[in-house]
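Common to both upcoming complexes is subunit A, partnered first by subunit B, then by subunit C.
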Partner chain A sequence: MATRQTQLLARALLSPAVILLFIWMIVPLALTVYFSTLHYSLLDPGSESFVGLENFEYFLTDPAFLASLQNTLVLVGSVLLLTIGLGIPLALLLDQPVIGRNIIRLMVIAPFFVMPTVSALVWKNLLMHPVSGLFAWIATSLGMTPIDWFTDAPLLAVIFIVAWQWLPFATLILLTALQSLDEEQKEAAEMDGAGPLSRFIYLTVPHLARPITVVILIETIFLLTVFAEIFVTTGGGPGLQTTNIAFLVYSQALIQFDVGTASAGGLVAVVIANIVAFFLVRIVGRNLEA
Partner chain B sequence: MARKVTGRHVAISTLAAWLAGFVIFFPILWMVLASFKTELEAFATPPSFLFFHWTTENYATVQERSDYLHHALNSLIVAGGSTLIAMLIAIPAAWSMAFSPTKRTKDILLWMLSTKMMPPVGVLVPIYLIYKNMGLLDTRTGLVFILCLGNLPIVIWMLFTYFKEIPKDILEAARMDGATIGRELIYVLTPMAIPGLASTLLLNLILAWNEAFWTLNLSTLNAAPLTTFIASYSSPEGLFWARLSAASTLAIAPILIIGWFSQKQLVRGLTFGAVK
Partner chain C sequence: MGRITLEGVQKSFGPVHIIKGADLDIPDGAFVVFVGPSGCGKTTLLRLIAGLEDVSGGRILIDGHNVVDVPPAKRGLSMVFQSYALYPHMSVRGNIAFGLKMAGLPKAEINQKVEAAAATLNLTPYLDRKPRELSGGQRQRVAIGRAIVREPKAFLFDEPLSNLDAALRVQMRLEVTRLQKQLGTTAIYVTHDQVEAMTMADKIVVLNAGRIEQYGSPIELYQKPANLFVAGFIGSPKMNFITGPEAAQRGATTIGVRPEHIAVVDDGGEGWSGKVLIAEHLGSDTFLYVDAGALGTLTVRCVGEKRLGAGDAVTLRPEPGRIYRFDNNGLAIFA
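Showing the complex of A and B:
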């Protein structure tokens, strides 16, 4: 059936996308590699010279790198923990017979559709402001001292904002997975005398293992590059307390105009993301064959 | 549904679920309320929840002082344009891979997926410099271009998983009846593909509308979409909470509505078909 003609046509239809993505992936990345070997500052044009791996040495031994690597890991880890830790009970709850489930689901999913700059500024001002924010008012009403979030616990504040944005994603995926759990299987287990707890452990948990893995991997890819939330709330500060790798590279490139070092940092970010991507691509690829 | 569900069970889970939903939704609700307050009331402690002087003047101020519509139009052009172009490139590609797969189709698909995983900071420097040299900084064209490329892998993937579900027998039947590829595409495939096309379009509109790495880095004023416009409220002198809330409410309202309609497809699109 696959005549030569259709084959040719199929190839012709596919090639624009492949060529575009290839250029998009190769050209900027090759330039990044090239720049990373240069002494190249936009503030000092004309002074470009080859320096080998010096930029990498500079970037990797800069105390800011270790600090931002740590912040990145803490941010990704905490948000994963919060979104999955809260997402599982929330998904289980929404899987119960609940009156008005559709409306609740709309409310739960909503934060995911809010653009990052809006959620960050609304949280920073309306909720987390140390004097006029709602949290401050709640704390005072309960007789506690309000927390000055962006001074005393800036990274935690960013973590809460990002976790709020991603909780819907985790919940929705886990809920979708739960709803695909065969009702008959549950009934069969129930008839065989399995209690709610053992049904949960032997039926639900194994069923959720895969969606949880998917959530972890996809969230990690996006969380490694959290940028806007930091950009509009803290600008990476105070000091380096909320600077992650993405923000560090940005500030080296567009605040300090050090193209060489920023390129080296960008490549470090690519390597880190690739480690995660490797596992995700394998999982998705396995699914493709099934 | 032979499982017994007691009334008490329903009552407790309903209560808990509504409570959880309310807490999660609250920041958005609070923002919408603040947008109808005066600046003084938005800032007041103790805060007033419903019994304040409702006003719509913030919405008028946002438009007058900062030309909100200009930025909304930018968002529309950038998100809509990048999505449409991505669809135009992706539809033939996905169609080809779904209906004339070769040995390499799987590798091509996974490779496309992997381009989406490249962190944008990895290519920030060259893209910024290229844009600077080509005069593309702070232009809608520049943003359309980069968001289109950034979302292309997701568009292709979503379309591929949808096309894959169209039964092949129908195509063969059409071919037996002597339909050419053109007719096959128009009369057989398109009607069956429309739901998938629509949800792909919606999801990518959402992603492009909310994209906040490239828009923040590559636009300042002229081409600034709503993401960048809202970010300008982060400067200390711009701290007008009621105004910020009004601008934010306007910025998220259309996407919230689209998002609610396409929530089912969201799972599928964002997990590349790994969870359905």
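Showing the complex of A and C:
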């Protein structure tokens, strides 16, 4: 089928979609690059002027930048730890034959289908609210003082919310991997005298190395850009305690109306994402090689 | 020591009876092959002995001890799986050493035993490779190495050669047999291939639909099949079965004659006349498929190169004393 004719035909038929996607990608990117070199304030329309790299200098030297970079990395790292640390035991449990297994699986996966804004609101108002939240009620019925999550431990609260959303994803990937573990290998290990713990350490964990890598890479992509949860719950505060890079860019553009600096921030975020990706692929990517 | 005795062993999955009461005595050091068609329960029986399945009834004795409630690892058996079931992320050394490591042996002793097992199986140059870097035959040898290194009371083989190509299978067949004789360890080997069974076994267990049809040495099974099933299963090409007047004349419901016990004669004497449908020339043998009228299609094995082709008329004469007779229950009638 790979004649010259079919290749030409394939290219001709593919090109509209590829061209459209390319324009879709390149126009915003080019505009962002362009805006990042302008003095462009929405409060002062018509005053756009070329300022070179001044926006970058302003964004990178802003004390909020380092704080938000740190928050971003802490958020990504903690959520990864939580989702994988809890995802493995959860996947192991779901792999057991129990009655109503399909329904249980569906329920475990459900949080993934809830919109980030909705789940953040549920957590904020129904669970973590210091007066009317479920956690507060539990704390008071045990005679303890309720924690005011979004004041006392705002970043931790955001981490919990995001981890809750991503735990199903990790569990699902790890569960499918567990199901592909060869039954005869488990039996061979059993014949070799390996107990459940040894089988977990010597068979299951190495078998899960690859899916864990997939979870880390995919989650990192999305966790670097967490926004809705922060916007809905803390608004980046108190102070800068829950401001990550994505939220900082938003606040530059739409709170301070500085499009130029926001564009520069967006490009910095792209660079940071690439740096993170580079290290991730170096550290865990070799697990993906066959 | 590795004497394995089954007493009325049964296994059912829900309402389905897989093994319907198996009694068997496997003496120490014997190479016993379970053979039968797909779904006859031979693998299930092996897994029951291994302890990977629980029996629904009966007793399994290893050296006189009932092991029905003993976990697999404590039975002192080792198993070679059809898929080899090597641990993919461990080197060959790690794979072979795993059982010893689990048993908590000191490192030096493990190393020494692994090296010895690897030397026996010509695996020494591959000790630090991963299973995926090995050929099918080498993987098979690693699986066997993993079994022998633990010095078990018996080896259990679950169709270990079925994933290999024909030439390699013949070679591994010899290697496994030689190794078993050299170690003198009891072995139970499951296969659906009756050639493997005939060539490797000291004793064969023929299974059909969850029952042991016959238990005996390969030659016994060949010469004195207990019933129609065993007669048809053992021997290649398959035995010819003839029913009707020809059988009644000899006082049986069915008579059976092996293809190699039918001669093509042209001396004008008595015989079954027929017409050749197909002649398969293998060089050393010629297989003739002959339409013998009321007797049906008969397979005839002639030694050497017979100059016969489709459409030729032939006279067939069964070797006297090599005609097996079966009653209407399919059981052999021994005169």
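For the reader, a short list of remarks on this structure follows.
Here is the rule we go by: the second predicted complex is superposed on the first by the 270 of 290 C-alpha atoms of A that agree within 3 Å, B and C clash if a C-alpha of one lies under 4 Å from a C-alpha of the other, contacts with A are read in each partner's own complex, and residues count from 1 in each chain.
The rule is simple: contacts are C-beta pairs under 8 Å (C-beta built on N, C-alpha and C of every residue); 3 or more make two chains touch, one makes a residue touch a chain.
This is a predicted model, so every value here is computed, not measured.
In the superposition on chain A, A:Leu53 contacts neither subunit B nor subunit C. In the overlay built on the shared chain, the residue A:Val276 is in contact with subunit B alone; subunit C does not reach it. Which of subunit B and subunit C touches more residues of subunit A: that partner is B.
Contacts of A:Leu66 after superposition on the shared chain: neither subunit B nor subunit C is touched.
Once the two complexes are laid over each other on the shared chain, residue contacts for A:Glu190 go to subunit B and to subunit C alike. Once chain A of one complex is fitted onto chain A of the other, the partner contacts of A:Val108 are limited to subunit B, with no touch recorded for subunit C. In the superposition on chain A, contact is made by A:Leu254 with subunit B only, not with subunit C. In the superposed pair of complexes, A:Leu81 makes contact with neither subunit B nor subunit C. In the superposition on chain A, A:Tyr202 makes contact with subunit C only, while subunit B stays out of contact range. In the superposition on chain A, the residues of subunit A touched by subunit B in one structure and by subunit C in the other are 187, 190. Listing the residues of subunit A that touch subunit C in their complex gives 182, 184-185, 187-194, 198, 202-203, 206-207, 209. Note for the complex: subunit A touches subunit B at residues 1-2, 6-7, 9-11, 13-14, 16-18, 20-21, 24-25, 27-29, 31-32, 35, 90, 93-94, 96-101, 103-119, 121-127, 131-132, 134, 136-137, 140-141, 164, 167-169, 172-173, 176-177, 180, 183, 186-187, 190, 210-211, 214, 218, 221, 224-225, 227-228, 231-233, 245-246, 249-250, 253-254, 259, 262-263, 265-267, 269-270, 272-274, 276-277, 280-281, 283-285, 287-289. Listed in rising order, the residues of subunit B touching subunit A in the complex are 1-3, 5, 9-10, 13-14, 16-18, 20-22, 24-25, 27-28, 30-31, 34, 42-47, 89-90, 92-93, 95-97, 99-100, 102, 106, 108-110, 112-115, 117-130, 149, 152-153, 156, 172, 175, 181, 206, 209-210, 212-213, 216-217, 226-228, 230-231, 233-234, 239, 241, 244-245, 248, 251-252, 255-256, 258-260, 263, 266-267, 270-276. Taken together, the subunit C residues at the contact with subunit A in this complex read 50, 52, 71-74, 77-79, 81-83, 85-90, 98-99, 102-103, 146, 150.
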